[in-house]
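Structures incoming, each one as structure tokens.
What follows is a pair of complexes built around subunit A, which joins subunit B in one and subunit C in the other.
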Partner chain A sequence: MMGVRTASASVWALGLALALLIPLFGTPMMIDVAFRICSLVALAVSWNLMASAGLISLGHSAFFGLGAYAAILTANLAGAPFWLTLVVSLASGALLGSGIALITGRMRGIYFAITTLAMSEGLRVIAVMLPDLTGGAKGAYLASKSFPGATYINFAMGAVAVGTCLIAWALSRSRYHFAFRAMRANEHASQMLGIYPLKYRVAITAISGSLASLAGGVEVWHGGYLDPALAFDLHITITSQIAPILGGLYTLSGPVLGAIATILLGDATRISLGHIQGASLLVFGMVLVVCVLYLPQGIRGGLSDFFRRRSANAAPSGVSTRPADVARP
Partner chain B sequence: MSALLKLENLKVGYGQSVILQDVSLSVNEGEIVCLLGANGAGKTTTTRAVSGLLTPWSGEVRFAGADIAAVPAHKRVDLGICLAPEGRQVFPNFTVHENLLLGSYSGAARPHRAKKFDEVYGLFPRLAERRSQAAGLMSGGEQQMLAIGRALMGCPRLLVLDEPSLGLAPKIIMDVYEAVATIAKRGLSILFVEQNVQAALTIAHRGYVLANGRIAVSGTSAELKNAAHVQEAFLGKKISLSATGEVKPGSVATSTH
Partner chain C sequence: MDILPQAISDAVLLAGLYTLMAVGLSLGFGVLRIINFAQGEMIMLGAYGAFWLFTLLGVDPLISLPVLVIAGFALGWVIFSGFIAKVLDAPHINQILLTFGLGLAIQHIAIILWTGNARSTQPAYATSSSLIGDVLVVHGRLVAFAVAVVMVVALIAWLRWSETGLATRAVAENRGAATLMGIDTRKIYALSFGVSCALSAATGVVVSFILTITPFVGFPMLVKAIAIVILGGLGSITGTVIGAVVLAFGETFASYYIPDGSGWAEGIAFVLIIGILILSPRGIRGQAVETQ
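Coming up: the complex of A and B.
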């Protein structure tokens, strides 16, 4: 259906164009929300990349935190400019990603997930234990002489989000997409077809890790302060998987929609119920449960069901025998 | 005829336990060879050693003259060893077409993709009909055809089939066997594992019988059909032999069921 594809492409383009205006003309609150959405888009798309290859990460905060520390340390100790610290962030994430892929070897599923969780906690403890370098639990302030300006940093986070989506899109169009899906379905069988799983594992964790680290790097320039609890916050890990699950796993647009929904929902409940201790989180959690129950394919799946039903009413067509997992945005 | 695949004194196992001891067998160019044996005899282990999923403890795996014992599984596909594994292992969430596409993922197979699609869809019209259906929604027989088709997409010189008749209705088994025979007529070498002795020997040129991790007996299909050893290895029983060494008619049939 060409019509739907062009329509959704133009909706995305329009949304992107409008989003570009926010750092210039938006209110401080709009800018703040947009910044956090962009950060979560990068994390969610990155998490979804690994999940697409059957690698469930419970340690995305490890990439995020390492990237943040890489940026603040190169800025403070070496006096590196903004963009250079981001290159270091990117490289550190790629290194950690490929490292974890090599160390875990053939570990899959829950074993891989536990390892990533431990990695994040381990890095947090290391950051606390090295006060001379990281400032320890007290944290550290970014002390750069070449601060590029808030608008510049906001655009940088936007660029990271868009770049992450472009990489995911490019991968989804390439033949590697099939290798990743095959690995997720059955790593053994994929090997029998001439796919070397380790190669793709290292590649996807390196790409995914570097993107998450990049988001961490920009975030530290935005906040100007970093401590281990902030860098390796479990909340980062959780939201970076809630967003793709809420939006639609293994799809391109799912994590983006999920990130937008997660941030907006979180803010809405906090603003409306923030005065009652814990109530906002409770409602946020209940909304998530309802979404998972009634939108098992995520927001993206719900939307495409809705449009399919509408077009089916207009002109009945053949029933698709492809399961939702096969669907591509 | 030169040997395309040659296993020599192969010893393979998992962890501490030895599964195959001293297994030697060969598959010549253009030949169909079947590997028979009871449950736990080591048939699947042999196919794993051939396709590289297991590394032999000792012994040689020679393919087209070269020792490939150290070549990893994914590279053996490039050499031309393609496996349709036990239990089919198709990707259930992929469509039929995508499963086949994955079969030609290896660098060596990719240039021949279009030709191979024609060949596989010609061989299994059923797959062509169902090309956009998810593989997990197909019947066992169709999935087996898909598993064989997927292996063919990898441009094999040696096709390894692990129990293609597993869990299939007798009528479907004959369809699958017919397809295997057709593939073989086109000059491909085939090594296949079976429990279904009678069916296997009707299409194989030669056969080996595995028992307790060793080759108990080997020979041409005609020889094996009559050999007492085959019955023994399968039924686990001594059967009465006539003075000429031939199986007495009726003695097997009564002890099978």
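Coming up: the complex of A and C.
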């Protein structure tokens, strides 16, 4: 098994090294695709972190949009530099995340999903209704004197994606990982084991929310423009849940694989069926249904099944067993 | 002129529509313990059904209502057997994502088939109105209110006096005990999911002549319906009526009395959801959802 692990680690390292070259030498189209993949990696890993604690977000655009508004407002109103606006984005997401966790309290599952859904709608209404602050439905342009340059921002989004993965990795190595698994399986039983769910829930929603908001903050510097429909776009909510499901829920590499697949799938449908309005979201809807019903472990589960079957064929005596760690949603 | 009577009349008529909108969701949630995030799309399909029957064949929405209610029931039954039945015992995440994905797919099939243009049915009563004292009553809203009352009373009668209705209430209350009494819970699930979709289709028919419809019309209605259901508490029709009245009065009074109120009114459902979760997660009436 060690061989597989080193092999996959080197594949990831090689991929990362190649990705680092894109902002410097890539064509504009490659840069654009890579930027959107990085943004979605951050969102998908963040969504997956919540899901791994049994919290299903149906409004990840709430975090994204809040972070985006936090960044543009601090840049425009306070003249804050790039990195400082991102700190504010981060803090706003952490506040919103822990706030939702505290409000939904003991009621996780459905109530958490409903609250995030409502939160996204509610924040959109607020952004539309406060035109003096946010520019209202007309939107607002980023008016910063200290624009750090496009390449710098592309690297920043890459750093956010890598940083998000590192945080998820660190969490998977800590006691949090086991606490989350216990909470997801049975919260009452996990309390018997001495886990205080609220503490973990607030922590994970704060971390996860702040990462999604950070992606929103960088995105504003990339696009230079923000309006409520863009910030609280249903599309963000949908892609950030499809990516982990498509890639493989509750795993480290799943959301990353899923983010790449989701962006490529979205672009492929746009290129081939772009003349049909709504085709790409129809495809995403069907992917969601098919994954839930027939592919609960996503691409990653499919891949590891494939490799296991191959190694089982190579050594006929070996009995193929599912490792206990493979999560079943 | 005092606008209070006008505001009250508008709010009462709106409350009828909201009750009809939420009662289907409440039934589905109460019996299956699954929030159907595609419920808004059932409303949208009902509205388009009424629109096409009106536009192509000139059928009055009130005449197409029974047809579309039956079609909604059939579609609900099919969706239940094809999809929902597979995740009945699955974790919440599967149920939530499945219905969400179904809704997304239905919404975008509608866009592809019928474009995103805003439409509406225009029977004679949709725009005519009468002045009663100082209060202007649009006939379309009055008809919508009447339809809502008839549908909700029919639902209550079914739940109270028919054998399948009694069985449905038994399953909602205690699935295990109902099974022991020899009730086929799976059939009851399919039945109540079908009825819940039929009620949403009826909502859509009504919506087609009092609002404009687009394929996106369902989603904001779902959020409002959820707010009503959790405000009223699960498994209680009385609670749903109270929830609908609170939301309708809140929205109507906000748009009459607050500057820019009609924009803010859209956020009232959201405020209610957050408020209830903080103050009283059980809602006004009804039982708590599982705390798991």
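The working rule: the second predicted complex is superposed on the first by the 295 of 329 C-alpha atoms of A that agree within 3 Å, B and C clash if a C-alpha of one lies under 4 Å from a C-alpha of the other, contacts with A are read in each partner's own complex, and residues count from 1 in each chain.
As a working rule, a residue touches a chain if its C-beta (ideal position, glycine included) is under 8 Å from a C-beta of that chain, and two chains touch if they have at least 3 such contacts.
Fair warning: this is a prediction, and the values are worked out from it, not measured in the lab.
Of the two partner chains, neither subunit B nor subunit C is touched by A:156.
When the shared chain is aligned, subunit C comes close enough to touch A:105, but subunit B does not. When both complexes are overlaid on chain A, the residue A:188 reaches subunit B and subunit C alike.
By the touch criterion defined above, A:178 reaches subunit B but does not reach subunit C.
Contact with subunit C, but none with subunit B, is seen for A:284 once the two complexes are overlaid on the shared chain.
Of the two partner chains, subunit B is the only one that A:196 touches; subunit C does not reach it.
In the superposed model, A:62 makes contact with neither subunit B nor subunit C. With the contact threshold set out at the top, residues 186, 188 of subunit A are in contact with subunit B in one structure and with subunit C in the other. Residues of subunit C touching subunit A in their complex: 35, 37, 83, 86-87, 91-94, 96-98, 100-109, 111-112, 115-116, 215, 219-220, 223, 226-227, 230, 260, 263-264, 266-267, 269-271, 273-274, 277-278, 281, 289-292.
Those residues of subunit A that touch subunit C in the complex are listed here as 51, 54, 56, 58, 103-111, 113-115, 117-119, 121-122, 125-126, 128-129, 186-188, 234, 238, 241, 245, 249, 276-279, 281-282, 284-289, 292-293, 296, 329.
Note for the complex: subunit B touches subunit A at residues 51, 53, 72-75, 77-78, 82-83, 85, 89-95, 98, 101-103, 105-109, 132-134, 136-137, 150, 154.
For subunit A in complex with subunit B, the residues that touch the partner chain are 175, 178-179, 181-182, 185-186, 188-196, 321-323, 325-326.
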